[in-house]
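Chain IDs A, B and C follow the sequence of writing; residue 1 opens each chain.
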Amino acid sequence: MATSPLFRSLDARTSEVLIEFDGKQISVADDTNLAAALLEAGVDVTRKTAISGASRTAYCMMGVCFECLVEIDGVSRQACQVRTHAGLKVSTHSPAATKGDIHD
Amino acid sequence: MSGVTIVVGGGLVGLATAYGLACRGQKVRLLDQGDTALRAARGNFGLVWVQGKGYGMPAYARLTLRSAAMWPRFANDLLAETGIDVHLRQPGGFSLFLNHEDMAEEAGQLRWIREALEGKYRFEELGPEELRRRLPGVGAEVVGACYSPDDGHINPLLLLRALTSAVQRRGVNLETGCEVQKIENTGSGYRLTGNGRTWEGDRVVLAAGLGNQSLARQVGISLGLSPNRGQILITERLPHFLDYPTNYVRQTGEGTVQLGYSNESTGLNDGVSASVMSDIARRAVACFPRLANVQLVRAWGALRVLTPDGFPIYQESPSFPGVFALTCHSGVTLAAIHAYEVAPWIAGGPPPDELQVFSDQRFKNPDYKVTSNGH
Amino acid sequence: MTDHVPVIVLGAGPAGIAAAMRLHAEGVKVLVLDEQATPGGQIYREVSLASPKRKELLGRDYAAGSVAVASFIKSGIDYVPNASVWLVTAEREVHFRIAGETRVISADRILFCSGAYERPMPVPGWTLPGVMTAGAGQILLKTGARVPNGAVVLAGTGPLLYLLAVQYLNAGVKIKALVDTSARSDLMAAARYLPAALPAWKQLFKGISLMAQIRRAGIDWYQGATDIQIEGKVKAQAISFTHKGAQCRVDCDLVLLHQGVVPNTHPTLSIGAEHQWDEGQVCWVTKQDQWGALSVPGFFIAGDGAGVNGAEAAALQGRLAGLGIAISLEKLTTKAAESEAQTIRRSWEKIRCIRPMLERLYRPIQSLQLPADDTIICRCEEVTAGAVRQYAALGCLGPNQAKAFGRCGMGPCQGRQCGLSVTQILADARHVSPSEVGYYRIRPPLKPITLAELVNEK
């Protein structure tokens, strides 16, 4: 899953925390933008679309596109609007396949 | 004599009727408004709903039952016609109650209807344990429910697409961006005009929702319509958890959850208000606590088309024979009846059973008492 | 926090800050709500946290923002960060969400400073991971100095794209290619606006200097590129395009797209304010008077949300709106404000005069305004341009009916990514102007809230 990350930081990390993505622990900067942190950690896919199950991740970084939706404690959140902290548990956002979708 | 029937209004009533007419070989021209028209259809919950309908007017209960029974045939015809499955499911539906008074009132009305229909009316009154057995996940605040095995739902978006496709395949001439303002008798038929455009036909069907009021008046039919606003909330997509339609909550085929139910007299304002949205959300979470942390994606208002007693009006104009007004607020439930019984009547065939009950003349009778709000 | 304030300013970018400061100076009580954790909007994002090294990397224009932001922070004006506004009523109530709670505050006047966002740039493959906006690239730079780790291609056109290129060069990032959709013909066409643009010679010079830096760096610069496609199965692996008649393909890990920015009209549409289609900017703009007052009483607008003119213009507009609001609250007479207003307007005209040239030079190319049939235009619901054309064939007149036909615009972003595309595709299919086609009806919530948050609103 985690290939070479799409982004790296030029800053030296002042403090790090452990968060979880889909049950896997990753080390990220503390109190930083979650979407950015995931990109930096090599997490390229954070959501699966409801229609085709296509892989998506952050696109606009400013809360407009909703591509960065993730699941945190059972709630859908835009990762670009969340700050990291120790123990944050994040999961891929993928509403289960439904039946009777208009695209069926 | 042009041989053309003009249907004014491209909502659920107009589309279903136009489809029925076209199936009868009629040449139909369907006139619809523009992109920002009020469209009562936007307020539909997708319910094919029998429960509670006809309290105060048994004929309406019978009409509704007949339509619900005809819906499978309607859905199959649309599928065969267009390849689009509107996802009709009729597993029965639940009216959930958060207090005993409301449940008692509803149950009382259902019993009244059953008696008026000589027992030919199915429903159950469910206490909390039985309800929880049938509807897992229902909240502790729900005191009980009334269940009707004849209730069901469809996918409103697919229904719209199927009907639009079906009428076009049947050769209905669909014209959009129309504003019909005036209707006149030309001697050899009827002429409709509006915004510089003209249409002519032998027969006219007024199915324009709230717009029917002024048009019907021009042909001597008095509808007494008033808009009634309902606000609807829709959530993000969720894993499927609810098979049955309910009065307050319905999960769509896409996984989104539709929440209602409200009534307001706000004139032609189809906006929303935080207070009603909050009430709807509170009831929804009380009914299904799992909805508490679900994201709300959109809220909108839509205007129901209410007659003075809330029951349909199907009326041919006495002074303009061949001009019909069709008005109801259950465009989805009655779609089958509109296609298979009302359309043939308009085309010159026999009227649906008890049609005279739905005449606008009932309001002229001083003894006629409006017993319910017709929901 | 009180339940009512005289003025609420929505947005703490250059416009919002300038307006709040001007009102504050007039003794008017203001509350500023902003979605982010620190003031500055997107253009000056995190400038108050930026080190000198960071400011150098991002350039002088960015660094200049720190002055206004610092003054704002010091001013003591009521400011609520991390506030997500979900409903603004025509009766001037603002409902917002903060730290999982929802609150309501009403005001006598509301000023929208909600800024702009990127124009959608639908190309095949644009939904793949590894494809982002140039604005996103810039935001990542501003928040945590994040730069592309692999081969990055910048594609599209517009001042932000070239600025980002230079910022990446400053950061030591190797840019694999600049796939530029503006062509020589755009330059020729824009040249006739040059005389009118001359008073803004400083900005012109900045732009020319950016281009020169890009050229000096020897980046592969493909000008007049068309037929852009991004290739890859589960993520972006290459970008292909046509250049000078030849098919080109560049392997890459990251593609950053840009076709200019457009005003964020969702808040103003949601209150029913009148808008009009602007052919030069190719987008919707809110109808406003000389002070920024909208068609709905009590509402004003300032900044890029009113029409894209850049940060300097936004600050000027903010000050003007501050004056206008103060006048409307009778804290200031028109006469007393007139000379200041005139000075502001003169400066604004000087900045604004470059816009016709920029708008023509960086006009989005036709194929991006009207994508090919199989291109996804509604990212949320995966609806293609071809599907929208089919709805038009079925009689669909406008975006609202398009929603009913195919769920286009019904997803979480509520049309922000597809709105302009749908309007333009339908206009083209119907052979009418975008003005006649209209736009999505915008409804609350402007940003999502949970049902529990809605129930528990204070």
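Simple rule for what comes next: a residue touches a chain if its C-beta (ideal position, glycine included) is under 8 Å from a C-beta of that chain, and two chains touch if they have at least 3 such contacts.
If you're wondering where the values come from, they're calculated on a predicted model, not measured in any experiment.
The touch graph of the protein chains shown is complete. When the interfaces A-B and A-C are ranked by how many C-beta pairs touch across them, A-C comes first.
Separating the centre of chain B from that of chain C, both taken as means of CA atoms, is a distance of 41 Å.
The distance from the centre of chain A to the centre of chain B, with each centre set as the mean of the Cα atoms, comes to 42 Å. Rounded to whole angstrom units, the spacing between the C-alpha centres of chain A and chain C is 23. Within chain B, the positions touching two or more other chains are listed as 157, 161, 236, 254, 293, 295. In chain A, the residues that touch at least two other chains are 75-76, 102.
Within chain C, residues 406-407, 411-412, 448, 450 each touch two or more of the remaining chains.
Taken together, the chain A residues at the contact with chain B in this complex read 50, 74-76, 95-96, 98-102, 104.
The touching residues of chain B, counted against chain A in their complex, run 85, 87, 155, 157-158, 161, 236-240, 252-255, 293, 295. Within the complex formed with chain A, the chain C residues making contact are 35, 37, 42, 84, 117-118, 127-133, 135-136, 139-140, 143-150, 171, 234-235, 253-254, 264, 379-382, 406-407, 411-413, 416-417, 447-448, 450.
Residues of chain B touching chain C in their complex: 32, 34-36, 42, 157, 160-161, 164-165, 168, 174, 176-177, 233, 235-236, 254, 259, 272-274, 277-278, 281-282, 284-285, 291-300.
Per the touch definition, chain A reaches chain C in the complex via residues 4-11, 29, 32-33, 36, 39-40, 44-45, 49, 51-52, 54-67, 69, 75-76, 81, 83, 102-103.
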